[in-house]
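In what follows, subunit A forms one complex with subunit B and a second complex with subunit C.
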Partner chain A sequence: MSVQRGGLGRVTHIIGEGLEGRIANRHLALFGLGFVGLFFVLPILLLIPESLSLGSTTPFESYRRVMNGIYVDAFVRSFLYGFVTTGVTLALAYMLSYFLAFSTERVRTAMILIIVPLWIAYIVRYFGILLFLSPAGPLADVTGFETDLLFTTPAVIIGLANVYLPFAVLPIYNSLNAIDEELVNASRVLGAGKWRTITKVIFPLSLPGLVAAGLIVFILAAGSFLGPAVLGGPKQTMIANVIAQAFLDNFNIQFASALAIVYTVLLVGLLLVFNTLFDLQEVLGNI
Partner chain B sequence: MSTRTTARLEGVTFRALITLVFAFLLLPVLIVILTSFTPQNFPAIPQEGLSIKWYQELLADQRLLNALTVSLLVSTVSAILSAIIGTITAIGFVRGEFPYKEQISTIMLLPMIISPVITGIALVRYFSTIQLPSGFPALILGHTVLSLPYVFLLVRSELLTYDRDLERASRVLGADPVTTFRHVTGPIISPAILAGAFIAFVVSFGEFTATQFLISPGTSTVPVVIYTMLRTGLTPTINALSVVLIVVMLVLALASRKLSSA
Partner chain C sequence: MLEVDTFTKYYGELCAVEDLSFRIEEGEFVTLLGPSGCGKSTTLHAIAGLVEPTDGRIRLRGTDVTDLPPEKRNIGMAFQSTALFPHMTVRENIAYGLKMHGYSAADVEDRVEESLELVDMPDHGDHKPGELSGGQQQRVSLARSLAYEPDILLLDEPLTGLDRVLREEMRGWLNRIQREVNVTTLYVTHDQEDALSMSDKVVVLNDGQAQQIDSPERIYESPATPFVAEFVGKSTQFTGTVTHENGQAVVYNDKKRITLPDSSIDDDQSVSLYVRPEDIEVSPEPTGAENEFRGIVTDIANLGNRAELSATLEDGSTALAHTTRFPDIDIDDDIFLRFPAERVIVL
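Here is the complex of A and B:
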């Protein structure tokens, strides 16, 4: 039986016949891999020779500069803020997730409310926090309550925790939701109180989700540019800000590349340490 | 105190805490929207009537309108490119068989893992090496690569749940691969592709950190303009522009969610 083929159908048919047997599904994967390779992986790898500036009279100069006090401070600050933000975010996310997983009321609405901020640009959300913390801002205007938090470390942590909170809720909620209710009931029937059930049964079972959430929040927070740029002062500069500054203000691509590479190496090193404590593949599977 | 009262007290405290966390999460965005309607010259909560004068200001500002056009253009084109590349690649990963498939697929996710500052400097440097003009070409390529992981994940998960026998039937009945895609696979996964394109648009529309390196004079995007304005002082025009951004992003994200869960 032959099917009548018009215009486009005919063209696709000819292409299809031509491709038949010659191109397999796995070749399609190469399309995206090639694109990401050419316009992402290669550009990032090229930062390595860039940072070394081997051809110049002072190779490795950039790396010597990275050891400079103010840059070491920025590295330490990035990891420190990353850890603190992760702690704060996980505590808040755990409460929200617990509420979502174990309450019977309007969970869908609550879930939407948690996800909605994810769809709104970071810059707008940081702007909102800036308004909140402004000494003469709208909140101070209405309530008369003034904070002098703006451009301090707590302001940056508040901003980062606010922005990354939804990312943490999803994996924790999933792991809490997967807990077999029979286990919780058994714990209660066998005489454990509510808190004992939470600490001895629910919490240990939700650990994989918690670890996954912590990993995401840490990576995002430590590498944040906008958080410290909008809410911090000169003393809250994190590594992303230093890299951007080296590039945009001082046009020093070598130095910016060296900072980027040192940061990436440190982050990967940290992930490898993390991998010895938790199985990274398994953690990523929980995301 | 009886155990029952303790339990009730615990319940009430917990609910109060949850309410506070929700407030913490949502109030920053709400305050941006609310203060955009102030009649004052400062983003204040309007107490004596609402005003839309800052939106009128927005419509009269050529620079802001230009940024809006640039953003819409860049996000539309990069969303389309991202949807095409992401879909083809997702099909390859789901239907194809090759060693280390799972491990290799993480390469597709790298753009969402590496800090966008690093992506930004790497791309701007690379584009100047290959002599790709800054501005539109750089922005579109950069945003395509940054939003690609989202489309890839979305279409891949959709493909994993769909019945492959339909495809096999089409092939057995004599249709070639391209015709099969056009008449069978395509129509089934097209809501997912569209959902992916919308999410790619949202990612692109809000991207700031890598974008600040890729713009050229005259091709500032909305987030870059908001950031620049924030540094020079607070005016409610920033709020009005933010609200436009919020509306565009939310509408598309909700549409995407509807399509992908359908």
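Here is the complex of A and C:
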């Protein structure tokens, strides 16, 4: 049986014949992996020789300087803020996601409130909070007394939690929404009240979403630059701010690279510890 | 034992169940039978406390449970989806209801083992539900719902989704378990074979209203409404108006004269007549008996133990008859179909 093909159809057919059997899925993967390798892995690896500056007389000088008190403080603060922000964000996101997943009311408006902020630049949102918290801002107008929140740790945590909330809601909502309503019904009929159903059935089944959300928020929050820059003071400096300062203000590429390497190693190390503690494979692959 | 009293449920403007009342006696196996969307599942969920009635009361062992939450009703329920907790082992699933009902740790352990024995799965306690077949999951689901000795067992289409052979096997098995435990059971299904083969009593539902509440035998032999006659079992259908000839009630259906079983029926009444396929006899030659019609065979389906024969009658209507398996008849053959007057269902 012969099929008549004309013009463009014939051309694409010939190209298709030519490619047939030569291009596999793994070839397609090369494009994505190539991009990541070229613009992510390679630049990060370049930081290593840069931070060591092996040719110079003092190759490990930068790393010695990293051990300095103020820099150690910045590291500790980054991870601490990361933990606190993750805790606050997960608690808020879980309650919101629970409402979204199990409320019988229309949830469209609430969902819009979660999605729309994702379209707005971080800087705009941080400045919004800055104005809101400022002594002459709406918060002071409404409450009647001037708060000293601005440029403090709580201000930074509020900002970070606010900005990263949508990243937490989406995975948690997804895992809650995937829970079969019959499981909740079964639990109730088996004699468990609402609260025990949440703790014994709903919460365990939503753990994969919660862990995923926790990882995303922690990584984003610990490496945050704009939050502490806009809402924090000198005592709220996080590691990203220190790196930016070393690189952009002091043009000390060697030191900035050393800070970046140490931060990356610490973060990956922490994730590995987390992995052994919670066994991500188990939690994420359980259901 | 269970009393559903004028139960009504509206979802907004939409009426799911209207004024439904029925009773179940201690130890009975009752089936709610109806097509999807007839309100049977809503009724079952209302008895479990998972759906709030718009109106009506539900009483269990003489206690009004209408306003009690599900966890306070002591009900066992097996779901169509099995609803086994995927993050727990089979043993943990069965223990769940026992723990929630306040059994001591030692009792929980004993009863879990007993329940696993009851459903013939003593070696599967440590498996996760995802590792079991569909039939095994249903058995675990049943074990879980029976472990804490509920007052009543509710079954929500538990056999739907199983293949036919397994389904028939599970029917007998389920009946045996039910008798062994002697638990009052309310079974919901759209499958008439489930309903007729397993129940003491069948409630046929359509559009949220009870059509007939009766024994399976009476549901099949003496349906109360055209809906029941058409939904339960197959039949050949005629319609017409009643007249009397020589003291006999007859219906003329497009020149066909059909004698009715009962002559007391009034003249000029519009009736629907149903004849079950097993009541229709087929032969290649006419016998001159009453209620005999000529037809042309359009289809022969061999069902193994018998054959189901479809024929088009002279007026174009379709008749359905059972014959011996592999009958000496071919498609397009001229045949004669007849049925005794006393087997005609008049509605």
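Note that in this section the second predicted complex is superposed on the first by the 234 of 287 C-alpha atoms of A that agree within 3 Å, B and C clash if a C-alpha of one lies under 4 Å from a C-alpha of the other, contacts with A are read in each partner's own complex, and residues count from 1 in each chain.
Going forward, a residue touches a chain if its C-beta (ideal position, glycine included) is under 8 Å from a C-beta of that chain, and two chains touch if they have at least 3 such contacts.
It should be emphasised that the depicted structure is a prediction, and the values quoted were computed from it without experimental measurement.
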> More subunit A residues touched by subunit B or by subunit C?
Replying inline: B
>> Is A:Pro138 touching anything from subunit B or subunit C once the two structures are fitted on A? First, second, both or neither.
In response: first
>> Tell me the contact category for A:Ile120 with respect to subunit B and subunit C: first, second, both or neither.
In response: first
>> Contact-wise, after the overlay, does A:Leu165 reach subunit B, subunit C, both or neither (first, second, both, neither)?
In response: first
> Touch check for A:Ala240: first (subunit B), second (subunit C), both, or neither?
Replying inline: first
>> Does any part of subunit A touch subunit B in one structure and subunit C in the other, and if so which residues?
In response: none
> For subunit A, which residues count as touching subunit C in their complex?
Replying inline: 180, 182-183, 185-193, 196, 200-201, 204-205, 286-287
> If you look only at subunit A, which of its residues touch subunit B in the complex?
Replying inline: 9, 12-13, 15-17, 19-20, 23-33, 35-37, 39-44, 46-47, 50, 92, 95-96, 99, 110, 113-114, 116-117, 119-125, 127-132, 134, 136-139, 141-142, 162, 165-166, 194, 219, 223, 225-226, 229-230, 240, 243-244, 247-248, 253, 256-257, 260, 263-264
>> Quick check: in the complex, which residue numbers of subunit C touch subunit A?
In response: 45, 48-50, 69-71, 73-77, 79-81, 83-87, 96-97, 100-101, 144-145, 148
>> List the residues on subunit B that touch subunit A in their complex, please.
In response: 7, 10, 14, 17-18, 21-22, 24-32, 34-35, 42-45, 47, 85-86, 88-93, 95-98, 104, 107-108, 110-111, 113-126, 129, 141-142, 144-145, 148, 152, 175-180, 182, 202, 205-209, 212-213, 223, 226-227, 230, 234, 238, 242, 245-246, 249-250, 253
